[in-house]
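Shared chain: subunit A. Partners: subunit B in the first complex, subunit C in the second.
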Partner chain A sequence: MLQQILESLKLFQPEIVLTVVLCASILLDLIFRNKPNFIGGFVIAGLLLAGYFVIEQANGVTQSIFSDMYAVDPFSVFFKALIILSALFVVVFSLQSKELNNGKRKLGEFYSLLIALSLGMLLMTGASNLLMMYLALELTSLTSYILAGYKKEVPDSSEASLKYVIYGSLSSGMMLYGISIIYGLTGSLSIYGINEALSMGGVNLLAPKSSGLALIAANVLMIVGFGYKISAVPFHFWTPDVYEGAPITITAFLSVASKAAGFAMMMRYFFVTYFDAVARSMEGHFTALPGFDWTYIIAIISVLTMTLGNLIAIWQNNLKRLLAYSSIAHAGYMLMGVVVLNNEGISAILIYFVVYLFMNLGAFYTVMLIANKIGSEDIDAYKGLGYRAPFIAVSLSIFLIALTGLPPTAGFIGKLYLFAALINAKWIGLAIIGVLNIVVSLYYYARVFRNMFLRDPEKDSSPIIFQPIHILVTLALVIPTILLGLYFSPLVDIAQASVKMMGLM
Partner chain B sequence: MSIDTIVFFTLAISSIISAILVITRRSPIMSVVYLVLNFLILAVIYLTLQAQFIAVIQVIVYAGAIMVLFLFVVMLLNLGKEEALTEKITYKKRVAVGLVVVMLVQIIVGIMMSDSKFTRHIAPNAEQIGTVEGIGKMLFTQYLFPFEVTSVLLLAAIIGAVVLAKKRIDG
Partner chain C sequence: MLTDFGRVFLFFIIAAIFVAAGLIVARLLRPHRWYPGKLTTYECGEEPVGTPWVQYNIRFYVVALIFLIFDVEIVFLFPWAVVYQNLGMFAFVEMVIFLVILLVGYAYVWRKGDLEWDRPEPEIPFIQILKRFIS
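Coming up: the complex of A and B.
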């Protein structure tokens, strides 16, 4: 046992680094009391070190560690790299955010909690036991509640935090109920064990009368937990309020990394637990267990999520709320990749997430920079911004064009691979609904750049000056957004090499 | 019907009744007292399942420590305002109750109908598993990883509680 734990620790370095950084940053914060930027720098160093260890794992290692509690495989390594990259960006954003650095609060703990949040997300990507999944989800949720309410002198922020707590605890409670039913049915908490019990006929899905109804009920409850994390309709109600009230850097982090972790956990759960190990299908394809067709549940949620997200986004006047609904819609697009049940679908989701990271973080960053200067996130306040701050306005437009999915930006590549996977798997109807949704989304994104470029500034028309560091960070996000749209074969290669999940053939 | 079944159903029904009493009492103090009762009944259910350690922990931690704190808070906050806790029954609540019943029926029917070989399965060494020794062994071998993750979770929760509850904003 001891030998096995020591062996496991070798594959657990990124998480160990983050745990040490978490504890050290709390202690350093006591020593360097009035230097929050120092803690920020320390946290960046820690994230870089963790990122180094993650990249070191990217050599195709596929192993189950800690008595099947945690899986290290290319799939989880890909998501870990994604989460650490976005955490790095978010720490950099936070160091520049005016709403956070207004001298009214201590920021040391803010960075410590960001590390705890990243650690929770890392654990979500690899959790291969329902108990671990629940714990990782709770660690992520708990720290998100606190960070969403970090501007506690602002009522909106406290409201966001409270709403998040209520929705979060309700959905994690339902998920626990689902877990308990699944445990009762199969006698196992490990996703490999559940798959084995189901395949061996422990729960007879095909027998007349039984039809796996209990399993479906339990999985509906599980989807409540996952759906809340990726903000899928109808579990999305917290999203707009939390995204609007939380500090904008946290909003950006939740919309990218939290969603990525939720997707990673959900995909691992559904694919590994409910694939049919007996039915030998083509290389790179797998089939769902007979008698339990969960793909249709996901397909319905996907349609609801993208349609509702896009339709409600049209009426939004606050850019943060608009981006919140757009992120709901994007969760819907990515769910389409889950239903196709093959490696092509998984790699399409991975590609989409990389692209989504750059364009969504970029959109939130530029919105934050503009809010730092003009103090508003209303779309009406953006009138004439194209003349006052041409560089930032053009960058924001590029991010929004990428979010719509138009060429030559990376957003187009993300959607292209997603729709190609859908059409190859004969989900034509779903693909058509997806395309229609993109048309709808063009309308509300276009409203933002119409205000920026085609309207005259109202009162104040003086040019807005940004510091070189702001320009530099914006460029770090704009360049990949465009470059990945033109030269995307390395990204596609990496994504296709990262589809291997522990336990899935 | 064996004695086990009779004991189980007596306990299960009384725990459901006490749970319903928790949410229907007007006085918050009475609610809390029924909640304590509910926890105690659950502890007995754990005992019948040969989970002695869990049963003891349930009594000490929940019925003991946590509920005493609850009672203190309720008594400190709600002095003489017990009548304020009346509620109206709106159509939303009726729909909610309906949905809950549908979900409950679905789960019960599903479990009744599913032909699982595990549902009637009793672990042969159930008596050893429930002891402090058994739990300790599992906790530090097979479940070591979740156990350690829980400590990180609690650390984050403590930091968060301090951050949110701190009065002086500048620290």
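Coming up: the complex of A and C.
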């Protein structure tokens, strides 16, 4: 027992580092009160150290630690690296954000909370026990509620926080109910234990006939919890208001890292719990529930998510809100990769997430830079921006083209692998709906370019000057967005090596 | 035959019937002689003043939260103390880490001034000042 805990700690280094950094940053904030940039720098150093330990784990280690509470495997390591990279970017963004650094706010706490949020997300990627999953989800949710309402004096921000709390507590309550039903049926909270209970003659032998139905109901409740985290329709209602009201750096973080953690947890739950160890020889060896195919539920949610996200995005005039709906649509695209139920689908999602990290963070960052200067996020205020700030306008256009999924950007590669996985698995209808959605999305992204390049500036036409550091950070996001579209084989290799989950062969 | 959950359900039904029956029977049997003093809210013998629907100071919640955290700490410390002999050094180090994390929270609360109880000046409504002035 003791030996096992000590062994487990060796594989728990990134999380330990983040915990120490969290406590230390709180203490440093108490000592150096009015130097938030110092705390920001400290947090960056801590994230880099945690990132180092994550990369050290990227040697194919597949192990279950803390008596099956937590899994360390290539799949979770991939997501952890993704989350830490986006946390680094978000801290850098926050150091430059004008809406945050207005002198009134205590930003030391902001960085401590960001670390707590990243820690919760790391725990979500590896949690392999239903209670651990719930705790990690709550740690992530509670810190994001606070961060979403960080601009206390702005009513929108408080509204965002309140809506987030209400939707979040409702859906996590439903998920907890689902967990309790699953525990009642199978007598286990560990996803391996549930898998074992189900594969040993199925749930019908454990209890009366109605329990198959109860298991389906419990899984629908679980989908509510996951769907809320990845903002899938019909659990998306919080997304636009929260994304609009929250500080833009937090919006960027929620739209990328929070979604990645939600996907990681959801895929681990469904794939490991309903993995059929007997029929392992077949390609699609993730089986559905006995007598019920839950992939259809996910397919329907996926179609609803992308269609609704894209159709509502057309009508938005605030760019932050537009990007919120577009991120709902992207969650829909990625859900298509879950539906195909094979390793090709998982690796397509992993590729998509890397690409999505660069393009979405980039889009939010350029929107933040422009808002810092012109004080507005309305699409109408972007008129003639191509002449006033050519570099930033071109970068924003590259990010939006990548989000649409046009070559030669990385967005194309992400969508290519996703659709290839779908077509290989004979989900042609779903692929057609996905392609139609991409056409719709081109319209609203193109509206932004049109305002930037084809319209004359209205009032002020003076050029906007950006500092070298802003241009440097933008380049750090633009270069991967283009490069991964041209030279993507290393990314694909890493993603294909990272599909291995603990408990799966 | 009843399943395990069926028994729980039966338990709920019987509990509901028991409560309802108790209230109804008491209503039928008891004498109805009331006066205003009997109908007031029971507040440990004190006479209630004003309405309970007032805004409470947020400080009460902060103090309640801090109390809760340290209360839970004790809940964790008791089982730890019971098995301490068997676990030895490892358990000690583990509990020290737990306490240090809690102490960070305590330092935070202290430094941020949430433990200070500065009473705000009571706001006297203008009409009362006027009354005092007249009398």
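Annotations for the structure displayed:
Convention: the second predicted complex is superposed on the first by the 488 of 505 C-alpha atoms of A that agree within 3 Å, B and C clash if a C-alpha of one lies under 4 Å from a C-alpha of the other, contacts with A are read in each partner's own complex, and residues count from 1 in each chain.
One rule holds in what follows: a residue touches a chain if its C-beta (ideal position, glycine included) is under 8 Å from a C-beta of that chain, and two chains touch if they have at least 3 such contacts.
If you're wondering where the values come from, they're calculated on a predicted model, not measured in any experiment.
With subunit A as the common reference for superposition, the partners subunit B and subunit C occupy clashing space.
When the two structures are aligned on the shared chain, A:Val224 is found in touch with neither subunit B nor subunit C.
With both structures placed on the common chain, the touch criterion links A:Met121 to neither subunit B nor subunit C. When the shared chain is aligned, no partner comes close enough to touch A:Ala402: not subunit B, not subunit C.
Set side by side, subunit B and subunit C differ in how many residues of subunit A they touch, and the one touching more is B. Of the two partner chains, both subunit B and subunit C are touched by A:Ile26.
Contacts of A:Leu139 after superposition on the shared chain: subunit B is touched, whereas subunit C is not. Touch criterion met: A:Leu213 reaches subunit B, while subunit C stays clear of it.
Superposed model on chain A: among 7-15, 61-69, 97-105 or 151-159, the stretch of subunit B in collision with subunit C is 7-15, the rest showing no clash. Shared interface residues of subunit A, touching subunit B in one complex and subunit C in the other, are 5, 19, 23, 26, 184, 207. Touching subunit C in their complex are the following residues of subunit A: 2, 5-6, 19, 23, 26-27, 30, 184, 207-208.
Contact residues of subunit C toward subunit A in the complex are 3, 5, 87, 90, 100-101, 104-105, 107-108, 111-112. Partner subunit B is touched in their complex by these residues of subunit A: 1, 5, 8, 19, 22-23, 26, 33, 66-67, 69-70, 103-106, 109, 112-113, 116, 119-120, 123, 129, 131-132, 135-136, 138-139, 142-143, 145-146, 149-150, 152-153, 161, 181, 184-187, 197, 202-204, 207, 209-218. Residues of subunit B touching subunit A in their complex: 103, 106-107, 109-111, 113-119, 121, 141-146, 149-150, 152-153, 155-157, 159-160, 162-164, 169-171.
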